[in-house]
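To keep things clear, I will list the structure first and then write my remarks on it.
A, B, C, D, E, F, G, H, I, J, K and L label the chains in the order they appear, each numbered from 1.
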Amino acid sequence: MTDRVYKKVELVGTSPAGIEQAIQNAIATAGETLHHLDWFEVSEIRGHIAEGKVAHYQVVMKVGFRLER
Amino acid sequence: MTDRVYKKVELVGTSPAGIEQAIQNAIATAGETLHHLDWFEVSEIRGHIAEGKVAHYQVVMKVGFRLER
Amino acid sequence: MTDRVYKKVELVGTSPAGIEQAIQNAIATAGETLHHLDWFEVSEIRGHIAEGKVAHYQVVMKVGFRLER
Amino acid sequence: MTDRVYKKVELVGTSPAGIEQAIQNAIATAGETLHHLDWFEVSEIRGHIAEGKVAHYQVVMKVGFRLER
Amino acid sequence: MTDRVYKKVELVGTSPAGIEQAIQNAIATAGETLHHLDWFEVSEIRGHIAEGKVAHYQVVMKVGFRLER
Amino acid sequence: MTDRVYKKVELVGTSPAGIEQAIQNAIATAGETLHHLDWFEVSEIRGHIAEGKVAHYQVVMKVGFRLER
Amino acid sequence: MTDRVYKKVELVGTSPAGIEQAIQNAIATAGETLHHLDWFEVSEIRGHIAEGKVAHYQVVMKVGFRLER
Amino acid sequence: MTDRVYKKVELVGTSPAGIEQAIQNAIATAGETLHHLDWFEVSEIRGHIAEGKVAHYQVVMKVGFRLER
Amino acid sequence: MTDRVYKKVELVGTSPAGIEQAIQNAIATAGETLHHLDWFEVSEIRGHIAEGKVAHYQVVMKVGFRLER
Amino acid sequence: MTDRVYKKVELVGTSPAGIEQAIQNAIATAGETLHHLDWFEVSEIRGHIAEGKVAHYQVVMKVGFRLER
Amino acid sequence: MTDRVYKKVELVGTSPAGIEQAIQNAIATAGETLHHLDWFEVSEIRGHIAEGKVAHYQVVMKVGFRLER
Amino acid sequence: MTDRVYKKVELVGTSPAGIEQAIQNAIATAGETLHHLDWFEVSEIRGHIAEGKVAHYQVVMKVGFRLER
């Protein structure tokens, strides 16, 4: 049987630069240990504030990847 | 009776450039066939990953427009 | 007893420039009257459309800050 | 095969007179172009305020109708 | 021990006359067999359409009442 | 910078007369201390029951208003 | 610019035979008028009961398809 | 007044055979004590695993029926 | 056929002593009239305030039990 | 017109001692500046971890109070 | 202390044959590397369409298993 | 680049003693194999009932920790 099975892990990427950069950071980190990364889904956008400005964005997201069988 | 009625359609805009560009792409496409576009609401932000990077962002969104009566 | 208590207020930041700028605008406004701003949580991303383009982004968000006791 | 299939469209009815009138307005407009309207489901009740009063109610709703096959 | 315990039942009231009347109908029916009715919570507003108009409103709601112990 | 920022407050209007009147009561009270009221969003409809009838409706809602900067 | 844009429509497939058949029925009907059908998402599974058995399953689902530009 | 009122009860049907059979089991059991069963709504699909396989499916669902008045 | 079927009822336990005691109160009351109580699921934690303190906790919860067939 | 209107504010109480104490802390702080506190609703339970233990619980909650008119 | 602790992982099983087969595929794959699999919870049912038919079902689900301590 | 990335895992802690103890049990178990545990978020409170009492509480929660890069 060759039906594919995927797994999702939940990560929080952070960046002072913006939402897209926080997403990229989480994917880059996931890619260091996981293969076959396929898609991501953002579930929350939040961040910390310091001195009246966004200090860094925090993007909670799920990353899906294919499991080798 | 002249009370306004609106319709919402659900679109998925995509772009490798970022979330805002994916939103703009969906609105531009909607505008080719629909008039009186008025507002949008993002319901999901997702994307595909290729070679350890975001290949393109996918923004699921609703676009509201006034119906002519 | 010195356990911290926080309050969250709900704001809508707007900007024609993008999502991050709309977030920054809401935080800047909140900072004019509130102290100890600590974090934000985005709950909705929406916007108005004019002439087939995004006229401005509207980011509904909560801003959390520590209460002085 | 004669199993029925239905479609749902999402509309926003508005009225200064009240929630039920806003619902009726959306249904009346839908009925101008769609046949076999069967049911509706309210998903949001909102409205605009002017001079300290409700200027008009906005009822976001889905309208379901049977597709001819 | 005299701490109160409540039960909630889920009902669907219907009426051609409007939302409030559908709510009243459900409560009146509940009151025929249940005592100590205390509060209600609307969870859905829907309805059937016939001949391009609302044929009747359907209000899905929970009704809470105190249990005798 | 002249981008608008809005605030939302959460109120519960009550009335024995019906849902629309409960909404109006909350808006009237909000208008006594807040300026630039702009829109409302209903989040819950509930109520108390007495003697087998609705004693009063309770409408939980958010009221949005523009902040002066 | 060649970024893809997709649209989602909401359908209700029905069948006495089971959930998968109800899904297939909705997709078959959608395919009669829409091209480039790409994916579906089930949002609700419900059904009617007659004589103490499931008379037919109703699957509320969204069907996504690529828009030609 | 002859407006219909319905009640919903929440059941969990189980079966090793599949999702549809679990639904049928819950409806059959409900029908032993309740009359006028009219519709069902699935709210959760879960199950137990034993020896690396689905031991039985559990379908959490609401069953609606008309109240006699 | 011996597949088990369960029913869930929704209760609100209250107690001035705390959340666990409110849960225990609801279960004890349910056990006076229902057999085979099996599990509970908390859906809301709320409470009343008097003189600046929690007067009692209110835990909204579902209690599941096996139906005898 | 004497129909009551309530306001809800969102607070985060914290305590190393437990969930109930975190709730009490938030209410005590709210009571320093607000009158007629009436009820609370917990919306999230979270906390910080230090040295492999809960360092403090964080209870996100809404506190409702009657507005004087 | 011997209180049990469980972990949940999120998987996506796929199959052209149907929803139950997609669930079984995910569980079979999980069982290759995890012990003490105990239950599953379906969170989404979706799928891909090709040539006007369901090409494969995708069932997003959580699988729970007991951790050895 | 030194932006932090976090991962969340989903656990179910159990205890007959109460909700806080169930949370502590899950964190203690997580700490045996994971470093840099930082926060937790409760997503469900449930439990098993035996002999008319809570046999054990089950707290479904996510535990967040910083990934070393």
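Brief remarks on what is shown
In this section, a residue touches a chain if its C-beta (ideal position, glycine included) is under 8 Å from a C-beta of that chain, and two chains touch if they have at least 3 such contacts.
Quantities reported herein were computed from a predicted structural model and do not represent experimental measurements.
Touching chain B and chain E at once are the following chains: D. The most distant chain from chain A is E, comparing centres defined as mean Cα coordinates. Farthest from chain C, judged by the mean position of CA atoms in each chain, is H. Separating the CA-averaged centres of chain A and chain L is a span of 21 Å.
Chain E has its Cα centroid 38 Å from the Cα centroid of chain C.
Separating the centre of chain G from that of chain K, both taken as means of CA atoms, is a distance of 23 Å.
In chain A, 9-10, 19 are the positions where the chain touches two or more neighbouring chains simultaneously. Two chains count as a pair here when they touch; such pairs are A-B, A-C, A-K, A-L, B-C, B-D, B-G, C-F, C-J, D-E, D-F, D-G, E-F, E-H, E-I, F-J, G-H, G-K, H-I, H-K, I-J, I-L, J-L, K-L. Contacts from chain F toward chain C in the complex involve residues 1, 3-10, 62, 64, 67, 69.
Contact residues of chain H toward chain G in the complex are 19-20, 23-24, 27-28, 31, 37-42, 63. Looking at the complex, you find that chain H touches chain K at residues 18-19, 44-49, 52-54, 57. Put simply, chain D touches chain B in their complex at residues 9-16, 21-22, 25-26, 29, 32, 56, 60.
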